[in-house]
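Pasting a structure here, questions to come.
Order as written gives the chain letters A, B and C; numbering starts at 1 within each chain.
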Amino acid sequence: MNLQDIIVEAEGGQQMLLNMGPQHPSTHGVIRFLVKADGEVISEAIPVVGYLHRGIEKIAESMPYAGFIPFTDRVDYLAAMFCNHAFVTAVEKLLGLEVPRRAEYLRVIADEMNRIASHLIAVGSMAMDIGAYTPFLHGIREREIINDLTEMLCGGRLTYNYMRIGGVSRDLPDGFLKRLKGFLDRFDPGFINEFNRLIGGNEILVRRCAHVATIGADEAMDMGLAGPNLRASGVSWDLRRDMPYSCYPDLEFDVPVGRGFRGSLGDSYDRFMVRILEMSQSARLLRQAIEKLPDGDIQAKAPRKIKPPAGESYGAVESARGELGFYLVSDGGETPLRLKIRTGSFSAMWAIHRKSAGCMLADLVVLLASADIVAPEIDR
Amino acid sequence: MNVYAQTLMEWLKVPEAYLVYVRIGVFFVYALVALTFGALFAGVTSWYERRVAARMQSRIGPNRVGPQGILQWLCDGVKCFLKEDLVPKEADRPLFRLAPYPVFIGIVSTFVVLPFSATVVGSDLNVGLVYLIAITALVVAGILMAGWSSNSKWTLLGGVRSAAQMVSYEIPLALSLLVVVVPAGTLSLQGLIRFQGGAPWNWLVFQSPMTFVAFFLFFTSALAEGNRTPFDLPEAESELVAGYNTEYSGLRFLFFFFAEWMNLYVIGAIVTAVFLGGWRIPGVAWQRQAGSPLLELVGFALYLAKSLVVVNVIIWLRWTLPRLRIDQLMKMCWKYFVPIGMVSIVLSMLFTALVTAVPLLGRITSIGLLVLGGLIGAALLRRTAYAFSSFPDKPYFKWMV
Amino acid sequence: MGSFGKYFRNIRNSAGSILDGMAVTLSWMFRRPYTIQYPDRIGRPVQDLIAPRFRGLLEVALPLCTGCQLCQRTCPIEVILVEVKKGADGNRYLTRFDIDVSKCMVCGLCAEACPTGAIRHTREFEMSCDDIRKLVLHYVTEPVLPYKPSARIDAAAVPPVGSIVKRLTRDRHAPYVPYVPVEPPSAEAPPTREGKP
């Protein structure tokens, strides 16, 4: 499908070809959409990706394993801990390394904090795209507290470089747990209830999101969706519970599943609410992890120069945007032979392409926002 | 204004033949003053809105340029003046250059009938309300011109949406004003204000259940006319970048924006004049007010205060609510507002007939509606108290930060 | 009748949720804003507000540097340039330690790799200037003998964290002065123990 062909085809017919270009306030990054519209109603929205391609997978082929971890941060900078985690899991599987219990708990604490931060931006920017600017800033305000916490922990506020092959890099500083508990007491249920009162239950938002771009359960699985997008369509699948990794088997949590809260099952409002409910569950996980945190090492004895034996492995975590998987092929050398990253946003692009038919222009914005895509994850 | 022309004539001892020229002079001065007032209001409101919006979002707004940032709008204005005058290459040049002016003129011309106090009004037309609705229709023309001439599909969409929205919402606007005209019996704004009293139970908003409904109807329709959230789809940032004024920069852009902010004052002024008692002082007859400059000044201050309250509510709504989609907007207009407006007019006629027969009914209804209004306000305050108590941050009233 | 009820229930639901939202925004209007008015209205240096582990600009405490070049090897993007040359008297001398701040992604791998903690992150971040060449910080201005880990060193000899990079970045708005490479001492010039950058 060639750009010229699309233009010629559209100009021949009765439809407008709109270009929701790479620079656009609501495409959550640099993504381009060619929208074929008949006035307000869209017949197809063709995504054109690649504007943010940085060749991260190619860079990995010339980077030692330990040095590649800062690059994984940039794959999805809003949920960077998950990217770190998935990569080191893949390498540890190849090496056959066992991570100490304390390091696993620290990883989970970092992951869940990051999940809350990422979801705050997701629901906040969804509200912002729909026109309510205030909830986004309230979400940012709460996220600043999480940023301060991660700054205390590892020194970074957005790109953490926290996990290492075999564990994590630093142990908790003094005052961290107290501050985290303070944040949790403030956040859940206080902030979440207030957020729901401000915008979650707002009639106008419900009208904008309900029955928009409904994705059924079978359809969602066919399209390869994962994460909150999949769960909002009614499929109860969560890697933390169904393919457990790290210390999740010891922790108790629910997996929120969409059920047509105010519209139909699998519409945009379900995706919105599933993220808000997931934030609550993350807070619950954090409280348990703080309580059960064991003592011990934070890093296993990994060799100085990491040269995994030849083979392949796949390390996946349940990121804020879906399943984030690193497929690693090693030939025994210092650098990987091939690294492939599977991200949730890339699968969501296909869903957006399919589901945009029949939407209005305003609905396309809601669909984009509810799928919670970030451009760096799509293009890597 | 005629009164002032007359007094000026006598003071200057100008012969009668030249009355016309004195009148033109007085009108010219009044237009200048009103325009300045409108422009100043627009500028200061832009600063004020940014400060209020920022405090709602846990941040401080502009507070550096001048004391508390009050000169920020001046700097923004000067910046826009100095920008390059860009006209897109394929755009329709004459239309593109012409488009901001109907928008601006449409809004500014409403200052002719807006009263500021008992005797200070440009020209108290006896079809004042009809004039208002008609002259603001110029804005539609301007927006359509802007959307079309920018030669961009996005602006075209924005312009067409906006035109459809504004034209549709003029109907509930007119209907809700008619609901109020029935008991008052006059279309002129000064007449409406004189019909009301100063005390809240004498305001037209509490006069009958129909006028109460008409107040909300008018307020919402005026928001839609002014392209304010929740009806700002035509200028929705996230969808159309800026809708019909995407391609405008510099001074032309400023015209559009000044028109929008000036419109805030116009909405506030009309709502106050028609529903909230205008410049009436509680317990003072309007004739006495017209005679005494001091009372007129007090009336003006009251009028301004009430308009500012309405402007505050508009700003508050903008930063709380998301926006409606175009078809939901239209549905609301045609399926909810127009039927309610029409039914209200008929019921208002019946009610007025009833009240002429039984005046006590009017009194009771006013007090009852005042209580209802108080209950709604109390519900809001109760929810605010709950919001304060359910989150650890304490109240903090310092605004000069 | 059901649709009538639905009509009015719609209106009441909308009004209720709008009032709720307005109450929340009103309550936040009268709460303290969270903005920190950097840089002039904070009351104390901004570095005090930052956590100690914050990964800001890198600096090198030359008294502790052993010249092992581990940081240079660990850096994924080759930001650090360390040169160790033999002087006329047969000793190794540190003659160059450049950190390219314009490329550094403050990942912290070098600081972790350093065996003595010579290269470390500071809480400084104010480095903006008008010439990209000024963003390469040259920490060695005269040849320095590397630190021998067996030797004793007084803690007071190590400058406090942040002071070195602060001194280097203080003149960043002055015009650019090209870097003059440092040569190891020849037989005439006596060596110094620690260069004062």
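By our rule, a residue touches a chain if its C-beta (ideal position, glycine included) is under 8 Å from a C-beta of that chain, and two chains touch if they have at least 3 such contacts.
Keep in mind that what you see is a predicted model, and the values were worked out from it rather than measured.
Chain contact topology: the protein chains form a complete graph, every chain touching every other one. Taking the mean of each chain's C-alpha atoms, the chain whose centre lies closest to the overall C-alpha mean is A. Averaged Cα coordinates give chain B a centre that lies 53 Å from the centre of chain C.
Centroids of chain A and chain C (each the mean of its C-alpha atoms) stand 29 Å apart. Inter-chain spacing, taken between the CA centroids of chain A and chain B, is 44 Å. Touching two or more other chains at once are residues 134, 138, 141, 194, 197-199, 202, 204 of chain A. The set of chain B residues touching two or more other chains comprises 56-59, 319-321, 387, 391. Residue positions 18, 20-21, 23-25, 28, 34 of chain C each touch two or more of the other chains. Listing the residues of chain A that touch chain B in their complex gives 16, 18, 24-26, 40, 127-134, 137-138, 141, 186, 190-191, 193-194, 197-199, 202, 204-205, 207-208, 360-363, 365.
Within the complex formed with chain A, the chain B residues making contact are 53, 56-59, 153-154, 157, 229-230, 232-233, 236-239, 241, 319-328, 387, 390-392. Across the complex, chain A is touched by residues 10, 13-14, 17-18, 20-21, 23-25, 28, 34, 50-55, 74-76, 105-109, 112, 121 of chain C. Contact residues on chain B toward chain C in their complex (touch as defined above): 52, 54-60, 316-317, 319-321, 336, 376, 379-380, 383-384, 386-388, 391, 393-398, 401.
Listed in rising order, the residues of chain A touching chain C in the complex are 63-64, 66-71, 134, 138, 141, 144, 148, 151-156, 159, 161, 169-170, 173, 194, 197-199, 201-204.
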